[in-house]
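Order of writing sets the chain letters: A, B and C. Residues in each chain are counted from 1.
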Amino acid sequence: VAGLPHPVITLLTDFGTADGYVAEMKGVLLSLAPEARIVDIAHDIPPQDIMRARLTVSRYWRRFPPGTVHVVVVDPGVGTARAALAVESEGRFLVGPDNGVLSSAIGVGHARVVDLDVPGGASPTFHGRDVFAPAAARLARGEPLDILGRTHRKSVMIHTPVPIRADGGGVTGEIIAIDRFGNAITNLEPLPGETVTVAGWVVPVVRTFGDVAVGTPCALVGSAGLLEIAVRDGSAANSLGLGVGMPVEWMPAPVP
Amino acid sequence: VAGLPHPVITLLTDFGTADGYVAEMKGVLLSLAPEARIVDIAHDIPPQDIMRARLTVSRYWRRFPPGTVHVVVVDPGVGTARAALAVESEGRFLVGPDNGVLSSAIGVGHARVVDLDVPGGASPTFHGRDVFAPAAARLARGEPLDILGRTHRKSVMIHTPVPIRADGGGVTGEIIAIDRFGNAITNLEPLPGETVTVAGWVVPVVRTFGDVAVGTPCALVGSAGLLEIAVRDGSAANSLGLGVGMPVEWMPAPVP
Amino acid sequence: VAGLPHPVITLLTDFGTADGYVAEMKGVLLSLAPEARIVDIAHDIPPQDIMRARLTVSRYWRRFPPGTVHVVVVDPGVGTARAALAVESEGRFLVGPDNGVLSSAIGVGHARVVDLDVPGGASPTFHGRDVFAPAAARLARGEPLDILGRTHRKSVMIHTPVPIRADGGGVTGEIIAIDRFGNAITNLEPLPGETVTVAGWVVPVVRTFGDVAVGTPCALVGSAGLLEIAVRDGSAANSLGLGVGMPVEWMPAPVP
């Protein structure tokens, strides 16, 4: 798996691109792994938003082919005692800070995690360039995980909150993200009920946008397998006043 | 042409990057076409702006070498009955929804269009990942267009509006886009006249920015061969109050 | 060095991506250098901000492996008499306008600079597509610098301002950039003093963010080797009211 002729290295950061920080990382990657194909994921994660980065990583890391190396640098703790990690999980590799951004890969059975050595000359404010990029390049070249550092026993893990089963038979979840279209993604898995309640609105559960009229709110199972609140050809977040953390209640259909 | 060792797949979406939707598509592409080189075009098309996407696609699809596969996903109709298309035009391939975004390639003589099959397990809200990316990967691997679906007879076509010839010998066009610099791109092809009128301003037609002083409005033939209204080292849209759809009038030079 | 099997071409522009200008350049690059790997640096440099582009280029151009071709198009003077340059410096190549954006590479000993020929059919408003991309593709294919144009004698050079030594033994520098995190990057190299003064604030000099409490201002040597003003887990620019050009004073520690 490792040591492909043109290994793929992906990059997720909150650096933006205009300052040149991501560019420096790409230069280091290509200097150390000259045959790599670099794939940008995103650099516009809101600054230091670990929760957002964690959720985004959970969507894509496993979609890439085995051998891919994912670099994830959303790292408000750079320059503190937080560990720097490299992970092997289901044949993919990930590198990033020990702050929860890699939870979705570390939480899988048989995942292996090592504590990366920080080179003496590393900048205390830019481990993306001086610690994570060099480690990613070594993994992309086919070096085994074990020689990059010692086994890391206990990683910081962040989990999506679990919905709560209510007394009356309903389930209460919450909004965990608002996407670019204003769709509100919840932590609820598909339910048999016909409506959900959010922010005082009662919203019908449908199969797809086409099942409601333009401008109408609906709830549907989104592409990550979770219930989303949407407005056809509009923004549910704006129209309904939704935000991350708001509760979403599902009540079972009344017995006729 | 097809089946290059490192085929190029380009991506244009309105997904932004932070949510990870584009990342999922890239993972699917590289899983199914492991040797591909992925080239980002843009992911910041305004949400669901088909007109803008169509215009941008028209600029670049033919600039890439034959065999390139262009993925275009600006798709407000996902989950409705709109068709999913794959196109072969002048040796390039394009995949995207049947809503007009691919018009510039479909409108060319000898273009072939097929109706993509939607796999049973496809998410009704994310054909980019489950329909278009898999089809693009198959084309990139050299599979012929015909085996991806049946011939599609009548595609949705969006055309740039045609300028109108006025009684007095002039021509009236309109602004079809404002670019990042505030240049207003019109649908007028080069004209022999000396001035154009827009939003009440009479603007001289020149060859290049250098022909006017800093801060001065001018009209010139832009890099797509169309007349643009610009302000040297400034924003014509802001300075002159220009917007998409505004008429632009060219009057012939008075006979001396 | 030149003529690698999969040469790397990087792109820095102020074009944004939605208009398709960068896409056109990528199409030209891949048509003329079909094996190239294109690496995006940034396209969100503020429009026509030569100073910002120059600083960003200075961070990354040398981090890439020898043979890399860097395309830099922040070019308010397109269509005027400004020269179009190609540069070979320390084994890397750069192409871009003669307006100072390439200063950090041109200023190195043994750098060679040529004046690119502008093809007759080039758009006077888009040298990125018609002059710089073709030149970059030729360099990526291994053509020597000399055949792209004649030696250019005197390039426009922009230098970071030099700090001023004050009478009392202190040094006065200035803020040269604000990054995405709100860190204020100065032109001061590491100093032995214990505090710096900026915008009326006296800020302690520390080794890393972890040395101060959350929300506290500090000054530290950033990843480019220059003193930065930062606020741990916050924005120094917002909290302290900092902007480019503001003076930053270092006074030597008082003798006890």
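We adopt the following convention: contacts are C-beta pairs under 8 Å (C-beta built on N, C-alpha and C of every residue); 3 or more make two chains touch, one makes a residue touch a chain.
Nothing here was measured: the structure is a model prediction, and the numbers come from that model.
For the self-contact between subunit A and subunit C, the two sides draw on mostly distinct residue numbers; the shared fraction is below half. In the Cα superposition of subunit B onto subunit C, the rotation angle, rounded to steps of 5, is 120 degrees.
With each centre defined as the average position of its C-alpha atoms, the distance from subunit A to subunit C rounds to 31 Å. The residues of subunit A that reach two or more other chains are 6, 37, 40, listed in rising order.
For subunit A in complex with subunit B, the residues that touch the partner chain are 6, 8, 10, 12, 37, 39-46, 52, 55-57, 59-60, 62-65, 68, 177, 179-181, 207-211, 220, 222-223, 228, 233. On the side of subunit B, the complex with subunit A involves touching residues 6, 14-24, 26-28, 30-31, 34-35, 37-38, 40, 47-48, 76-81, 123-126, 129-130.
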